[in-house]
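One structure, pasted below without further comment.
Chain lettering (A, B, C, D, E and F) follows the sequence in which the chains are written, and residue indices restart at 1 in each chain.
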């Protein structure tokens, strides 16, 4: 059940039995010469929608542009400044809280979002913490979970791509997108086959260290079939994790 | 060509022949008992993607949550505060400018976004206007266009729904979403058949005046077939309008 | 009755019979070689003060600097960034609301303010919309009206200046200021007589397209006598429109 | 020479011989039962305009709403939050700097503005201070001066109102406004004749301590004739002080 | 009693008998070739801690970086923008208010903080002033006091350094730091012996006018012994002043 | 070498041989009935100062108030909102960059700061990433390291407190503060001896779950002697880690 494809009456009904929903959150950033710019938004969107469809929970719109300043050296990347992202997350959560949602589960597709997501949570919690008279109904419980860290998902990825899955533009995440968008598969000779590993600061520094954008990965291993297996594992894990969160 | 489904190399190629792209922008807000909450994001997304596919121009990710404070009395609506939306649009545009884009065409699906979109444009232009030493390369040309105001689109809508198309949760916009998502069609007895027309301020005031969320519309007229006709007209018009913008 | 020329006791009395006031809002921006920089602030100020005097309603201080980034290529122009203007309007409205005002009517003199004014209204309404527990007394009704779009005013302008009244530095607005400040009349040969019409983005772009600042106008038609006629029409229309707003 | 009543060509001419101007800055706040709400904006406006007319210097538009939170317990008061006022002053100064102004002299009419004015100056200076590569042309020199502290003005006030001139709603400032707006003179029995002196924090606290809004003053001493004498002294002093500032 | 060296149970106990505390506030900025960068934070910290220890009142953590943009031409200086400092002071005060503190006494060590401190107070008070329904418990009383302006302190300084104590990097403030940190005493030939006096704007301008950073001072007069005398006077004065504030 | 206890000449000298410094960053928050409110600021301050003294590197002032909203249910806790902390860190880093520092190493004492610290880093990096013309000199490399995660430190803590060191108000961190402030040792019967482990959201929720503030810890194990051992390990590790960072 997708919020964007529901009516307000549908959501009103849903709220009678649940105060929780899943919001996919990602990024619009380069993923090497063969990975899609939308990879980090698409992966949690694909997983969350399939899980929500199977288990009848509500999936919000995808927060599709995140914190990607370090990728701006590559065309197509779009970033929010962290301060903007905090403001936007405040607004999304305040809107959902207005309707009676009490638990928001962000299924995250981009490691670079994690710090700002948690900073935003603290910003949102701080409103109540600084106001001892805040009504109990305004209390929210927020969670951020990276899809690849859901139980059993990482294991599946390692089985399928035992070496050089990598840290950015990984074989696994690219496989997930190709499972859902098989016509978007790219093949291209990657030089070097396995990308380097290093640290980075800003966009210029990143591009110097990672000439084609990948970190530590060999995405030529990716296949749509592998992607389906990863999605299957992630959907199972998400349903379990979300339902536990919902009732905690 | 969708940015989210492209690689950075694809975008690098694209920039060799064009400095312009289309960004669909909408809202996540109630559209009456039978319209989808995502209607205003879906309509420009559907139209822009079809046009971009047919005419080979780049379509950015959909800016899917906009200014919808007045709809917050209905469950599922999500809003940005206008100040947040301005900050987010600044970041999107600064990111695209960084890569060499010079013209950004926002195909808008929500009348309530218009004021804030233009305020954001002025905020972005003001940076250069206040800084006489700003480099010429940082100049951007921004345009916002409502899809239903593209040439010939309104006429098509009026022909298909000659009376009571309405102002919010219109038969035409709902038809467009059903054309793309036919399984989401809802039928429900609407009371009254044609919704009232009035002004509004905040969410409480809106809900008092428009009990089921619609303004002036009778969406029971909507059909997927009508939606296809509207989309066809809009795609034609967008291609022409965007290409004129690109080369102006 | 001007707020700036009233005492707090006067305002306390006024609030016993009305919860509404008019706030003139304008801009400080070039108006071509013969128009005053303050034109857009002066016009609504002149009209509102005369109307308030005749019909005994309260006129607030003039919000005299607005959104004028595109005019910064011409000396003397002062702008607020839209985000600053939103913050300032929030403060003005919150202050007036504190005293019991419930309806604020902005008589606007500058088309470039419109988007940001409406964005500010949405920002203000959003506070209540996001807070279902907001007290009813904090509800405001805000209106923005361009003085030249008041009923019968445009007709008067067209009768007086049937061609080339223009879009910026119009004969009509300059006439209004000369009616009130006859000693400020300027005569200067304008080249070309009728200014060009075009689009614009930032200040550099504007100045390239409109070398002396005017858009589409021939202000040499302006006379103080014409200005008086326009003021008379606008005062009548404002009184009617404001009183309807006050009691709606 | 008033900026609002000048054309851009006038300002261009002015900048050939001077890079400095005066900006009156005040407040919109209660001034007791007989003082005008606009007193603090009117006084510097009256003085600056007369001085500018006599000595041919440029006087900007009046920054007419300032920091008046403590007066909000009395109807008609309008305040900016200090953070808003800082943003607005940044925009005014950046706009003027864009045109080549290098020295801005704020003639202030409200003691409550002083802190925020200086905070704004530091905010503006900090931009250059934090950016060692800032171009020399962006350097501004900013000054804030209270009109009643100009040389000889306080002495004039004391001669005219040797006792109980007061700290807020003073006989002197009210006299200045009556000199310019003689029809606005109010007479009303004040209880007590001389207002109390005390400290204050927020608006509720202020109203408790100063029941009719005045601090330490007996404004029944004010006359338009006294106001003229004060204005005369202030105009002389301002001309001298501004010209020294301009050439320092 | 230092807050940082207390437990929450200690503070809970303290609040049973007092709702007031002292917060030292300073700056991290150059103090000439022999003065410590931390001087303005150290002085109020030293004085407040000794006073709090002697008279058993609570001393908060030191707000150690303030408004020092004008000193950025000298290595080691750190500044907050005034807008940042206002936000931080809002958070400190909101936190303390949450626990039941009602009176916060800022013992200030830097003249450059004064404007922003008072702007922050107005920002904090404005929240309540703009909200007539704010609960009485949220009322705060805030005070800023420069340590050198406490009764009898200036006299002590003048007795010890009768001439050329100066305005920045004064003999007195340096003496205070050497009393507490005797091992940090520096001796260095100062050229000229007595620093110049002048105005300043931004960091470049400041460094041009004050080549070694001092204003008007001859800090070679400073001794730890003198510092002890000044501290003694300031501690006495602070205790009296704080206790009066606490019970006012 | 402490920045606060240095002169600007000292820092100028230092910059000739190093472009890096350490900034301790902590929090002001409850640490159970026996731990000091300043614990998280004191620990990195103690360790960094000792290391800097031993190895002659520069230690900046302590950023002493951080993100502690969840502890506001306990008296004495002070928090910054994350957005404020980001702004403050931007200012600190911009100031240090102005002087030529290129590498800033934040030695962190509070897990709750981590997300906001990294969000701030991204905000700072984003300025350059969004501006391809930014000068190379403005590039900064920022690092955040928790003192207890330095190599060998955790092992030392585990050896000294093999069980129930805990997650908040740990025996180890309290021991570190008692080593430096032995007179601040508290003994108090803790109920239960070992605190519970759980999740938390805002301050009310935290206080319900952790009645005396501790998480998972038995701080009665702490001794000053243990603290000395931990400090010794941390000082060694910090020197190595900082020097590697400095030359990386």
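Methods note: a residue touches a chain if its C-beta (ideal position, glycine included) is under 8 Å from a C-beta of that chain, and two chains touch if they have at least 3 such contacts.
Because the structure is a prediction, the values reported are computed rather than measured.
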{"item": "Interchain contact steps from subunit B to subunit E (minimum; 1 if touching)", "value": "2"}
{"item": "Shared chain contacts [subunit C and subunit D, defined touch]", "value": "B, E"}
{"item": "Per Cα centroids, the chain farthest from subunit D", "value": "A"}
{"item": "Taking each chain's C-alpha mean as its centre, the one farthest from subunit E", "value": "B"}
{"item": "Averaged-CA centre spacing for the pair subunit E and subunit A, given as whole angstrom", "value": "46"}
{"item": "Chain centre separation in whole Å, for subunit E relative to subunit D (CA means)", "value": "30"}
{"item": "Whole-Å gap between the CA centroids of subunit A and subunit D", "value": "54"}
{"item": "Multi-chain contact sites of subunit D, meaning residues that touch two or more partners", "value": "72, 79, 81, 83, 87, 91, 95, 98, 129-130"}
{"item": "Touch-based graph of the chains, sorted into line, ring, star, complete or other", "value": "other"}
{"item": "Chain-to-chain touches, reported pairwise for every pair that qualifies", "value": "A-B, A-C, A-E, A-F, B-C, B-D, B-F, C-D, C-E, D-E, D-F, E-F"}
{"item": "In the complex with subunit D, residue positions of subunit E that touch it", "value": "67, 69-70, 72-73, 79, 81-83, 86-87, 112, 114-120, 122-123, 125-126, 128-130, 139-142, 201-205"}
{"item": "Footprint of subunit F on subunit D - complex, ascending", "value": "129-133"}
{"item": "Subunit F residues within the subunit E interface of the complex", "value": "2-12, 15, 28, 30-38, 41-42, 60-62, 64-65, 72, 74-81, 83-84, 87-88, 90-92, 95-96, 98-100, 181, 184, 186, 188, 213"}
{"item": "Of subunit A, residues touching subunit C in the complex", "value": "91, 94-95, 98, 135"}
